[in-house]
């Protein structure tokens, strides 16, 4: 029904637009002075008046309809008052299933009566909805139509509506951030009620082991996030160690040395690296890179874990190459040609120009890009979930395993522990910290990039 | 204000000498951009230690010619130069010629001041450093100081050599770029509308400077201002639609041009 | 020399100067070589990645099947109740006929050669085409995973019996079937047209592909208009004040927020507060939309910015309103870039896993979703599920699924590149 | 909104069995297949206990019994009538690559000594586990590095392993019995903590990855579900524990010590509301599925004894209320 | 070539009439860019159906003043206009004024030709379309044709109205922009250095056109060429550093200016 109604609204809006345009044309022709807005704007204005309020009405109605009908049905159901909330909801489901024709056991007469009641309410509701929406649309259309006269500023009115929509759209970003914080904060606070903040922030041991069953004995959990953070940054640092030089050098080659053809082929190929799903990188890291890294480590006589930070970090670094190279590309391109010309005119070679003029000039932009890439590395999930370890350890040996914040979030959330266990709640606290860290990194990155943009 | 008086202009015009040695010479120079011809067989001599001005309406090929003198056109994709250009008799487009050396000998100053985003000192020291001209820090200091002095900037910046060059005013920046060009001891300095982004006062300073530099360097300057050409140059070449219309002593060009188009242009009939 | 330098005479032809220039050119070449090395490192990695995937995945593109003739006219089937017939016995009888007498003790092994869903496959075919009941029909029945592996050479029949998933009797029967020419390895269309299954020989990506399609549709429908509207507002209308500053920082920050955090958001807000259904492409798509939105806004703003202001002024100069100037001129001109950005954003969303894991799009569902409210998986989560399945056949299928996903991504990126090059405009 | 699919959530251990049953059920009846989602046991209970009605899951799988707090959550949300079904045992296997030359036969004590975080030093104190090679644990074992891939602490598999192997191995050590009576908390800690210094690698929930890594590194051992060992028997061989290798038979008759019960829980209130619930449960409980020759056994589930099975079948089909 | 002869210029200068009605008037106009003042109390009247030229060295505020006449400055962030500007006696900065209508009445042509990347026809038709001037296709066709004719472009493009406007030569593009401005029947046309990007021939054409347009429109033109100002305008206003130095009949300004700065500027002493 709602689908038809929406179709109806579209039609009605179109119709309102057409008639309004007619009228606007007539009033324009009749008027002595020049009309303010073209007929199309009068039409659009009428369409907005007709469609938008009615549509909003429809949505609100649809959201409210079921709960209102449910409570009406329940109110008339004998003895429903005594039921608990869950029983009520069950009862309603049963009534609805019966109404939909899914009968599992012989329904009681009360249920059958309720089903009838439900059906009648539903049809009333549908007709009321149609009536109300149609009324809203007609009133809107009426207003939209009435205001038409040659001096009416329909264009302003339409543009105002559009501006409102655009303003609302740009608020979505804020709402999202709000949503993120809100969805993390509540659970994180519950976690901090169990584990002191100071222990979480400064504790040096991360061993989220808490008994799963009352009869089961297990070591006490320890929730100090320092080693987890350490692992995050260790892996990010390794990723950066791969992606920064490779990314910048490829950007240098592509922007300054490569021919048009080479660039046209290689650049998209490089960008594929950024498009490969991280799940795929994860597999690759675990199955192909990690064993190689381990045997390399062992042949160097180092402790080498099968899940090395190096494997995860290295593969992540490869993933970030196109990210850094395209940002560096932009930074190089943003250096005005005049800088290059100035350097060449002094007799500098290409290499000297790149190293001594372009690189310093583009550096703030590149640094901004690197920081953004770093925040991506910190937040990267699937690669580390598959390829990094789970044991939180503070080691500087890249051949050993470390764990990261995102790994812990995912494993804690899809593990077998119960919901009110600090183990599960810790995931939200970690998520909050992760969000704050990337926020900080981004703020710094933005500052840097912005400062440099104002330069030339 | 340091504006030149009419008398000074007069005096300059008469100091032109036709017998100066030829420093650079263009013979039948043609330039194509991606197949589109921008210069058609230009023959022009640049006499030593004089200021040669290139004038002409927009798009007539002044910059193109200027940039082919030190092969800056090499950096433009799709640009092809034909004919012959010589520096002291050597063909600059000879494959054995080292462009790095060529550009060190034939320096260039651009329309918009383009100091590097480095300190004033580093801006000037950049050229000597890459070419290894100075043997030690004190020599480098000396080069920087003398270049800035020659560019009439030393007194204004000597106390803030470590501040960024981009922080100077437009006119100062342009003089800094001139100092930067001088620092590698070029023989020829090419200037492409060096004053068009400057205010009148800064323009006057730079014009004065050009006049002084003439004693040691050969200068080729592109300008869109007839007045400027008259004020600073000894010889003038007039371009139109990619052709060299006429060239000669500046005073003659401005008083009694041979070509109708030159006449029309300098009297402002077009352009 | 310094004095000389200062008076303007440098001996450019001296040996020292020439040697120096040679060294400078060498340094230049070195930098160039480093750049080449960097690029080939990255490309080499890509090649190895795709290479290994193809190496493990190519086998999943064919499927070993046995062609079996079944004479349905003889079978005891009530045409009114095709579902109710005893398909199991019908199919088993037919299968038994292929190899003559089988001792009872071997029957179980023998039937395990074929996919255990064989009766259902036959049934569904017949329901789709009841004419088959009139005579003898040929059915192509996939072999079960262990035999499929054997046929593809993934199981070494020379190993001791207890070290392989197929026993000697099964190999024996398999060889008999092969000798009769019943075994074939056609292209595995099931990989694309079947939904997920517990049995590797039947498992396909149809569910995941349509799930991804629906999720991306939702993502597009939300993020495209909202992203463009927000970008236009911020770029063209917003006054420069605190609020717009905050919005701007927010957008840039959201572009780099870890994707798993969007999953947490979806879990708490869309599932928890709004009560939207779990595992539905609607919710997955909404999470992805929030993720894509900042990228889209940033791209759109950049492309709006790149339209020269002269166009804007031209329109305003003849009395277009700001909205008109944007709608008639600026937006059409920046559309190619916006489309490119959108496609790239969607491609990213297509490969995203973590948020979908958290909103339940990693479920096992044996039928493709018919809409955005029905539970489904998506390509990356399907990969994740298959990767975690014990059956051997899923190893190759995981790689194959990754290849399919990569193919989609490459196609999307290629379209984006095509658009970019086709409509790239120089002012 | 009315829903015509059954929704199943819960442990990744139960996931494959629910999957198989769901597919079989859909094939047989032609009804829409249930949606099976692997959320982990805890996550499963969170969704399951969220409330009654079509928005909430009908069945949740668990690799452990429901906990008190979860029962309470359920009750708070009105989910009071649930049925518990023990469907069988899941064997945990310890395995190595076939490329490994040793035929490992480990005692629980040896495993403990190899993988525990701390060992008694013999004087009543404890030292960090010093064993680097198997030969450090026992002379008879090869002199190769100890590397064991196992489940993370968030996983039920890990808890089962700790309880079934580590605790037993721990208890056998000298002095532990006294400790247990003296300081139970300390005993728990010592006997439960796995080492974190490298030899024990927490390898996430993906058992296939462990299998592939064992292949890549023949010296390492892996701890994972028996079905993975069974599927990869050409590449892997079992490590015997206390002399017994895991097979369907040894797991079923409990002579193999490392297996754990797995459950699912049914929301009885939904039986009359969600279409197909009873048929699905009937399928799950049928002998064809759960029986010794059933298709669940084929996927690695170790079936219950006949009488136990009958009891469960009866309980589930009748909707026996949990806790009563 | 269609170049104007000296005699024609003479004739034009004398045709200036001081008694023309005032079409637009600036009273104490000040403009600030982000707090930096760019115009200081400018008082200038624009007489109807005459060409008023604004001259002055670079950066003196000519464009700024021009753009405040039709509120194009509104589009620049941080630009604040003070004082009063009237069109036929109505304050154009009155909040009740609809800028869209204002800009339709006061059209503008820019320094760089900026045709829309659409067909020639669409370029001209755009204005009439958005203002709803034409009632049907044939009216629109007529407007397009007559505008192109008035802009002296019709004969050159009538066979290729569907080709993109960006494909025309620079001079044609600029005339197209003029046609586009004319198409909405403005009362005033503002031109900001309309010829500075054009070659001499195109410049001559545009100048001729301006002279013809004067019969129907009031024109304000910014130019950096004194000669151009002399050729096309009846009144000239000289700006310097944000101040209006002097304004008056063009012939008087160029023969006998009151202000020393005007004198210096028109004789090329600076700028």
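Each chain gets a letter, A, B, C, D and E, in the order it is written, and its residues are counted from 1.
Throughout what follows, a contact is a pair of C-beta atoms (placed from the backbone, for glycine too) under 8 Å apart; a residue touches a chain by one contact, two chains touch by 3 or more.
In this text the structure is predicted, and so the values were computed from the model without any measurement.
Between chain A and chain E, the least number of touching-chain steps is 1. C-beta contact counts were set side by side for C-D and C-E; C-D has more. One copy, chain B, sits rotated relative to the other, chain E; on C-alpha atoms the angle is 175 degrees to the nearest 5.
Chain closest to the overall centre, judged by the mean of its C-alpha atoms against the mean of all protein C-alpha atoms: A. Of all chains, D has its CA centroid at the greatest distance from the CA centroid of chain B. Averaged C-alpha coordinates give centres for chain C and chain E that are 58 Å from one another. Averaging C-alpha coordinates per chain places the centre of chain A 35 Å away from that of chain D. Separating the CA-averaged centres of chain A and chain B is a span of 56 Å. The distance from the centre of chain B to the centre of chain D, each centre being the mean of the chain's C-alpha atoms, comes to 83 Å.
Residue positions of chain B touching 2 or more other chains: 100-101, 104, 130-131, 184.
The set of chain A residues touching two or more other chains comprises 155, 287, 349, 352, 385, 413-414. Each of the following residues of chain D touches two or more other chains: 12, 38-39, 205-206, 209. Across the complex, chain C is touched by residues 1, 5, 7, 9, 12, 15-16, 18-20, 22-23, 26-28, 30, 32-33, 35-39, 47, 55, 57, 98, 205-209, 225, 227-228, 230-234, 237, 295, 299-300 of chain D. In the complex of the two chains, the chain C residues touching chain B come out as 1-2, 5-10, 12, 16-17, 20-21, 24-25. For chain B in complex with chain A, the touching residues are 70, 72, 75, 77, 99-104, 107-108, 110, 112, 114-118, 126-127, 130-131, 166, 177, 180-181, 184. Considering their complex, residues 98, 100-101, 130-132 of chain E touch chain A. The touching residues of chain B, counted against chain C in their complex, run 98, 100-101, 104-105, 128, 130-135, 139, 142-143, 146, 184-187, 216-217.
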